[in-house]
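Shown below is the structure under consideration.
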Amino acid sequence: MSMMPVLSDEERSPEAAAVFADIRAIRQTDFVNNFWRVLAHDPVALKRTWESIRQVMAPGALDPLTKELIYVAVSMANNCEYCIRSHSAAARAKGMTDAQFMELVAVVGMAAETNRLATGLQVPVDTAFQPATGGPFNQV
Amino acid sequence: MSMMPVLSDEERSPEAAAVFADIRAIRQTDFVNNFWRVLAHDPVALKRTWESIRQVMAPGALDPLTKELIYVAVSMANNCEYCIRSHSAAARAKGMTDAQFMELVAVVGMAAETNRLATGLQVPVDTAFQPATGGPFNQV
Amino acid sequence: MSMMPVLSDEERSPEAAAVFADIRAIRQTDFVNNFWRVLAHDPVALKRTWESIRQVMAPGALDPLTKELIYVAVSMANNCEYCIRSHSAAARAKGMTDAQFMELVAVVGMAAETNRLATGLQVPVDTAFQPATGGPFNQV
Amino acid sequence: MSMMPVLSDEERSPEAAAVFADIRAIRQTDFVNNFWRVLAHDPVALKRTWESIRQVMAPGALDPLTKELIYVAVSMANNCEYCIRSHSAAARAKGMTDAQFMELVAVVGMAAETNRLATGLQVPVDTAFQPATGGPFNQV
Amino acid sequence: MSMMPVLSDEERSPEAAAVFADIRAIRQTDFVNNFWRVLAHDPVALKRTWESIRQVMAPGALDPLTKELIYVAVSMANNCEYCIRSHSAAARAKGMTDAQFMELVAVVGMAAETNRLATGLQVPVDTAFQPATGGPFNQV
Amino acid sequence: MSMMPVLSDEERSPEAAAVFADIRAIRQTDFVNNFWRVLAHDPVALKRTWESIRQVMAPGALDPLTKELIYVAVSMANNCEYCIRSHSAAARAKGMTDAQFMELVAVVGMAAETNRLATGLQVPVDTAFQPATGGPFNQV
């Protein structure tokens, strides 16, 4: 059970109701998932998070499916079951196939392994991987 | 400084030399980065990791750039500086632009935030996000 | 189910019984939660952990509610459901309101996001954020 | 060195300049720290993050110092050096003493230990820690 | 429920069947656990992971029980319930006692605490802990 | 540089001096590493941490080297450079060889990979891995 009740449409505040209406309009579905229904206890956070996520996930230099795959991968690395499931559903809706999902998982696992090997061995960063440029602001 | 010396070409074992030769042939460059030069203290691990990463990152249902972007994103989530730098360089070599890199970082940050909101609030998984199918093996 | 049985009052060792008695006396309740009942399999760890937590959470330069809020926040960052729930209950008992809990979650989420942005971008630490003082022992 | 150059006032875009001006006005200082100067490569992310952090960290049910202490604690749990240093400086500016900082670190350490004990032992959540209420939306 | 169906012996591909046969032969049991049954959706990953884990966990400079204890400890640190349970079962099969398990958990908890204290305080590495040797490749 | 000055022998409080004396007596060396010199700003935490770590790392059902190897492994998983370096030095002093260190790193990496595969795929725990026993206290 969630830390705060999952709010039904009747239990929301008017501010939350406006965000729910926007979610429904944008997604073209009546379904509002639990994440927003719990976050609705803080209508300001609800509105900020919904608008931020819309902005971040909008088509840009990366296409929406690629962004969603990255979202799922990070959710796996951060061990968030809710996010793995909800963003995998979103990725499926954007076209992710079973084969793509399995390859995504394999990359997440492989990266986790080499991340820990590099950390465990404290491998020094090669000069070749340092950015070539650096003005007066860019010293460490 | 690394936990074990970064091995020069002269210091490697013959088994490691064979892997280095393969790295050079596949990547078509004489440059062998520090990760492999430290891992070379365990030639069996060196060979296994190199072959695994080649297999995982090969073109498949996901294209190589998408895989590399996921690798960078996971390395950020796992906080591995070496891996962020080396795989960002690899992503650059496969065509990643500045704008794509900045969007990637934004998705990683956004996912980290909602991952923690969902965890902090212990949001229950919606029935809609559960896989529809499940035989006798698939019960929790 | 836990990795080791949750011990009832009858199943504990005498050393664990003494710690349970102290927990009951200090908290002024008969209730001993599962964390202590599983840790009781190692009575030395039980006693050390109970005494450490009492020392750390005692009123000091920070008041008990602030410490409990920090405890909950760290438990969210570390993704420990048991600890989120048990320390949120403790924070409630010390006066945490719904509004405070929701703001706490928002800060945890926001910090997670900017933590990953700073890590992903490898932002160099400003000189202004380095401690001004540093004797011969304090060099890196 | 950062992944993208730390932008000077001359190198920023007009959109970033407007955010920098707001940071200077709100903080009443000419100093703009590196986090914003690197994030300025994505002016939309710069503006969103600045406005979100202002909203989250504003006085509310929790006072600004308590929020800053939570921010520092989460940054320690997430292992972000930049954030530990920058938000500790912010907490200092809001009144955090040496003694409070040391107690904060102790709570972060203690929570990390019991988080892992609870996870390692897979301690089942006590019924007493489950929220008492739960309508039809709140089932897991 | 898992993200992909847990495959029965009838549902596997021929490539996966060969790996299952090897698992059964090596472990001398008909039981194939769910990890392999879900990973079997990607037979190449199944084969690679099984062969890698066999190679890593084979007797070497460290004995199999010590390796398994390390595996359990890392799984606790990484918060993976499946892995904590499956590798604890493996450690039990290799002789791990209740007392050893409880000591293992205590070390994992203690390390988590001092890890966060060292990170929170940003303790500089003592010169004495830096490797004494370092050729031209080993500079940071 | 550390968040608080690294205290020299002259700068410590009398309470910290007593702990330093104990560290020197137990370890039979005059060397007191930076971790204790920074933690000395909170003499109560210094004493508690020193005594806890002595208790946890004492010979028991697991031998001291095995405990130290687990400590290093967890420090790698938690990404703490100070702890990786200081506890690797301790493990070396207790007999850890280069070959053992390299195998330790390989297990840490392998566990990280399968931890993320199991999490990413949300593999359901096999009934065979659930503890057989469970009284009225042990329900989830």
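Every chain is named by a letter (A, B, C, D, E and F) in the order it is written, and numbering of its residues begins at 1.
Throughout what follows, a contact is a pair of C-beta atoms (placed from the backbone, for glycine too) under 8 Å apart; a residue touches a chain by one contact, two chains touch by 3 or more.
Fair warning: this is a prediction, and the values are worked out from it, not measured in the lab.
Note on B-F: across the candidates A-F, A-C or D-E, the interface recurring with over half of the contact pairs conserved by residue number is A-C. Both copies, chain A and chain C, contribute mostly unmatched positions to the interface they share, with under half of the numbers common to the two.
In terms of the distance between Cα centroids, chain E is separated most widely from D. Centres computed as Cα averages put chain E at a distance of 18 Å from chain F.
Chain B and chain E, compared by their mean Cα positions, are separated by 18 Å.
Within chain F, residues 1-4, 6, 34, 45, 49, 52, 56, 76-81, 84-85, 88, 99, 102-106, 108-110, 112-117, 119-122, 124-125, 130, 138-140 each touch two or more of the remaining chains.
Within the complex formed with chain E, the chain C residues making contact are 3-4, 41-42, 45, 49, 78-80, 138-140. Against chain D, the residues of chain A that register as touching in their complex are 1-8, 34, 37, 44-45, 48, 52, 55-56, 130-131, 133-140. Note for the complex: chain F touches chain A at residues 76-77, 79, 81, 84-85, 104-106, 108-110, 112-117, 119-122.
Contact residues of chain F toward chain E in the complex are 1-4, 6, 31, 33-35, 38-39, 49, 52-53, 56-57, 60-62, 66-67, 69-71, 73-78, 80-83, 85-89, 97, 99-100, 102-104, 106-108, 110-126, 128-130. Residues 79, 84-85, 88, 98-99, 101-103, 105-106, 109, 124-125 of chain A touch chain E in their complex.
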